[in-house]
């Protein structure tokens, strides 16, 4: 058979990605796979990846399947074969790259959290707002919205299946800092990471809570804690910390939180309770969410991501109870393209789904979600959490993200 | 065989119980059963039960196996055949009865919460303090300490198995007020119940958290909410609420909380997170507790009360994980006297265990736990929660319960 | 108040119990408690308990609350104050005692298995049949039918909620013989125990499967195994085994099965799969049952005895899944008399329920279930299992228990 | 940056795949992804895919990323750019294609079951044996061996962590034939599918049981059943069944089993129990496996594929119990290349792992597992199951797969 027949004649979408660590690997899997599984209106082309180390970025390009490698993100943004810039760098560089990419006429997908500060996030929203008028899209990467079980939860809530909301409770528990001997990596330094468990895990927790509830937090009260105040410096130099004269015994100050507990109110008056931590021994990635409404409840645990628990409170009490829905049915979100019932998906499928939805939005000119405004709103919640923690847990309002704010910025 | 041989010649402990509703039934089961299962140093004698309605209390005596019935608690307290008074009335009468019983030279077991106010609880502690010098004992009925799985948890924590504590999280979720049409029973009126979910469920949650942790809460921050502000009056009169002219449509104000979310710090610096509610659809009696320490974690759910989850963080990560310990082994607390492994116990066994431990304390002259001081301490936490809720969630210190306080009272 | 008012004027039912070990303790709890919790038409009176050792039986009477003690079961059966004989001895004495009691005009409750042989069971059925015409009742103690979750399962199946049955699978897994050093107790000797896991656990498994299905097994195919062929003799004499000259090292032959796996067909054509074992490390009392029908499925695990899992296959697949029904609602079987929702029951509550149902049957002259015929039917299944195991797993029919058979016996 | 730098200079392995339905999609994902995640010694090149329908196969090539499309499998086998043939067709064509490919000097990966008959499987083993001497490899696609939790289970068993094996129990439950109105697809016709649940699910169940146990089944006893004997013909023609004159009402005979229950013995004397069915309402893909040994137990459920349950019976009974190991740690099989702990994998990752291991075997000249001999052994077990089912469940020996057998074939 003539192999020249085997051409994909779909229009394409050239993608350039900045950063190629954990998130870069996950996003690459998304770009590489989405068009193989879903029927996309545009074929993503993995045009170039960017990183500062020329040898490492070339190796990353080869490994992950990017056609070219760049060492300067400005060069990547400037490439003609890049119509969308995917930002997978740490949070402190998001604003600069995203704004430049939008100003250069590119669509942008930016990893969460949108930025390390509210001010940066506001500037990004303003840039997105301006770009939108030119037909460019901007999306923030809260990938957990695209876990099928959580997308199903959102659909069920939107259908009214749990009724008026009473409670949202979210814990996001990890344990990789349980050992006091774990080293002082950059994630534990405020100047690089912005915050600790709060920004890393709390951003996910707040976004998914608001997304599922379909309404924002309007105020919060918080306590934060750093249980281990000093940690050993990692081996090797270059971490911006003075090494101890004797080498191995050198220790540095931890300047971010290990954990945060916070409560809040949603716009409807529902109560919210959050806990995020990296020192919950034995909990590996326990993003657990429960919503209780007047007509029912939903519960989810990211460690069992193919399952959604649902209690229908309108049923006869004698036969009701939390049911385990395996979110692998053809009628479930994203499942039209995957495997038969009971053949579960994994973590990185969320990135495939993210690409699917973003490519559809680009092709159809619709607004992708979560938007930069959504990302800003999460930042404002986190800022209110930090402010409350500094004010002895005083209940602190979360300013709304209005079109006016965006226009002003 | 001569049936006169069949006498129990153990010394006895005469018990008088005040109140015979839900708690009275459960306590009766405890008094009736403990000596049949455990080898007790004193044989409990169910001397008399007390209630205001003479017909009902006689029926209750017959049903539950009390030898006599009284309609005046003062008469019960005065009986010569009563050495221990067991108080199962609502919280607003605890102080008066307990103090009178102690002053009459009786031992006292008082249901939780110790009292509806801190002032009452302080007076009770003072009375207990004075009585103790005369050899009388006073105990408060936080029965969940005597769920074998939780007693095992306490033992493991005391042995150091989870190391320095980082987190305690407790939810106590019920759903019997989910329906806005549920009637305005006395439990929803502040003048009778003191508070809502907070006093009822929060008292248990706070006691078990502090008991397991082995240390007190030193401060809290709280939000409370009453989602359904008005409810239909229950059928019939006598609830102290004006009936609507048209009967069925009459509604009254709910004056207690439906739910409370609160955070706090323990003396060691560990963070605590609490949520108590009666509107969590589908959660029937979900007292869930998790403690994370530097060396391990423990988790429990009252809806599966024979199980304790334990993660040993000192093990090789490749084979570690939360294990489900069935707390039904002969070596587990209280299990020496029950059934073979895997043959689970139920809710009311906690009352049997409570009797066992209290009878041992009486016989041996040791201090029973939880003491009235423990009950007072819980009241102070709940008072601080209410104060914080009134002050916009401001972090509010919990005054310690010291011997000095007790002496002053 | 005049204490003479406090008399229970209900008619009574005098009970005599033979045997006072594990089952005797559990049955005592049932007799002692049922009338305190349920509203019974007859008040059980614990007249006398019987055992061979005069000192021990008197101690047992005192401990468990029996008014008198006997050392000869014939004397117990003959007592005027005994109207019902409760047989808690090992299986090899069931037939003799039960038949004598029935012939003496007593009602009989006999622990499972009904007998050690089919012939004995047939004789017991014949005696029960004759006694029934004189108004006496006979019941066999398959107590698991009275776990509320399983009674609920039976009710739901009878209502048609799972439709035409396709599969029943039952495992009953324990682990107390996992250690090859566990001693050769009488339960491991055929002459005393009849069989091993098969008679002990298999009897329960078969009864509950047939009871839930509402139909009998008509044929079986089986493999059995004794993994540890020799075990150390227990310390002390009197076990009927020759002691080794050197004491501790003495070993004897295990003459019963450690485990059995068997399959079968029910009358309707549904397939059945069974596994019973005492060497499943970590499984303490794992009686697990699942039934799959054309319209739904039910699942249960005795280690979580307050829960019933139900899948309703008639629901939309997008929201269906196994739901966890907490069998603690007021509308659930036996729950009208216990605690609020979510306050779980334990193992021994099944014996309280058994007494409740038996006392009602006696008072109302109705036929109690499970009957001796039911017990015989289970024995025939177990005999067919043993026969199949001897014939290289050949499918072996289970003879039905018909009125004719009963009449012949 | 010069994009010509971005070349992958690894040696390559040209792959041709026959069939592109469910398994083809899954295998494509494996070939496409393995080299992006793992560091492979050979870079797989997706040279060509083959199918009978020229339009459809070209679409499949485009979708799944194969460079060329073929409509004749012989042409695919003959291609110079194909060094390995991956067979994803139904079982009745496996033997012909695999033998031809091996004879053409290609490596072969063949989906399970190896063949529809023992005779075909024996011929394939003979061909593989001959090819091996020429340096070609042959592997059968029992992908569940490469679920990390199951690979971990195998590792733990090989390390002796559960000791001498006593029990293996496996259920593989699905529900897609529960509805009697489900159509008579080719999978329900013996001439196309060989058998029903037995060949489809039983092959997986038997392979994983033997693989984990590390030993073969030596005999089996079985019952099989077809609950729904007739089903409606699928819409449209071409299913090889006479259409009813009136169209919609046409029904045809189901000629394969809906379900099978079977027991067996492993070489060591351990007992095995199996159940496979497509009519277990609510069970979507419930491959559940438990192994009990003298020192511990392991349990797994494919519906929660990132988890392995382990009970260590050597621990103190007071703190022991089944622990849930999240098989997502860096030290777990295949996890060195994926995501952080707790970020679960999905079903299709097994195909990525299969490619990884096969490519290593090709590059290193080692024998891949499972071999064709392993596939033949499974066929012999399934044949013995069918034979036993025909002989009234009589225990039927499974002939061993010896080198001699292979040489003779």
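Note that the chains take the letters A, B, C and D in the order they are written out, and that residue 1 is the start of every chain.
We adopt the following convention: contacts are C-beta pairs under 8 Å (C-beta built on N, C-alpha and C of every residue); 3 or more make two chains touch, one makes a residue touch a chain.
According to UniProt, the chain labels map to these proteins: A, B, C, D = Gfo/Idh/MocA family oxidoreductase.
Please read all numbers here as calculations on a predicted model, not as lab measurements.
A.B. asks: When contacts are scored as defined above, which chain pair ends up with more C-beta pairs, B-D or B-C?
C.D. replies: When the contacts at B-D and B-C are counted, B-C has more.
A.B. asks: Return the chain whose centre of C-alpha atoms lies at maximal distance from the corresponding centre of chain D.
C.D. replies: B
A.B. asks: I'd like the Å distance between the centres of chain B and chain C, where a centre is the mean of that chain's Cα atoms.
C.D. replies: The mean C-alpha positions of chain B and chain C differ by 36 Å.
A.B. asks: Mind checking the centre-to-centre distance between chain B and chain D? Centres are C-alpha means, answer in whole Å.
C.D. replies: So the centroids are 55 Å from each other.
A.B. asks: Note the residues in chain A that touch 2 or more other chains, in rising order.
C.D. replies: Residues 283, 311, 320-322, 326, 341.
A.B. asks: Which of line, ring, star, complete and other names the graph you get from chains that touch?
C.D. replies: Looks like everything touches everything, fully connected.
A.B. asks: For the complex, give me every residue of chain A touching chain D.
C.D. replies: It comes out as residues 1, 3, 5-8, 22, 26, 28-29, 32-33, 36-37, 54, 58, 61-71, 174, 176, 283-286, 302-307, 326, 328, 339-349.
A.B. asks: Spell out the residues on chain A that touch chain B in their complex, using ranges where they run on.
C.D. replies: My answer: residues 162, 166-167, 169, 171, 173, 175, 178-180, 221-223, 225, 227, 258-259, 261-265, 269, 271-273, 275, 277, 279-283, 290, 292-297, 311, 313, 320-322, 388, 392-395.
A.B. asks: So in the complex, which bits of chain B are touching chain D?
C.D. replies: 152, 156, 161, 310-311, 316-326, 329, 331-332, 341
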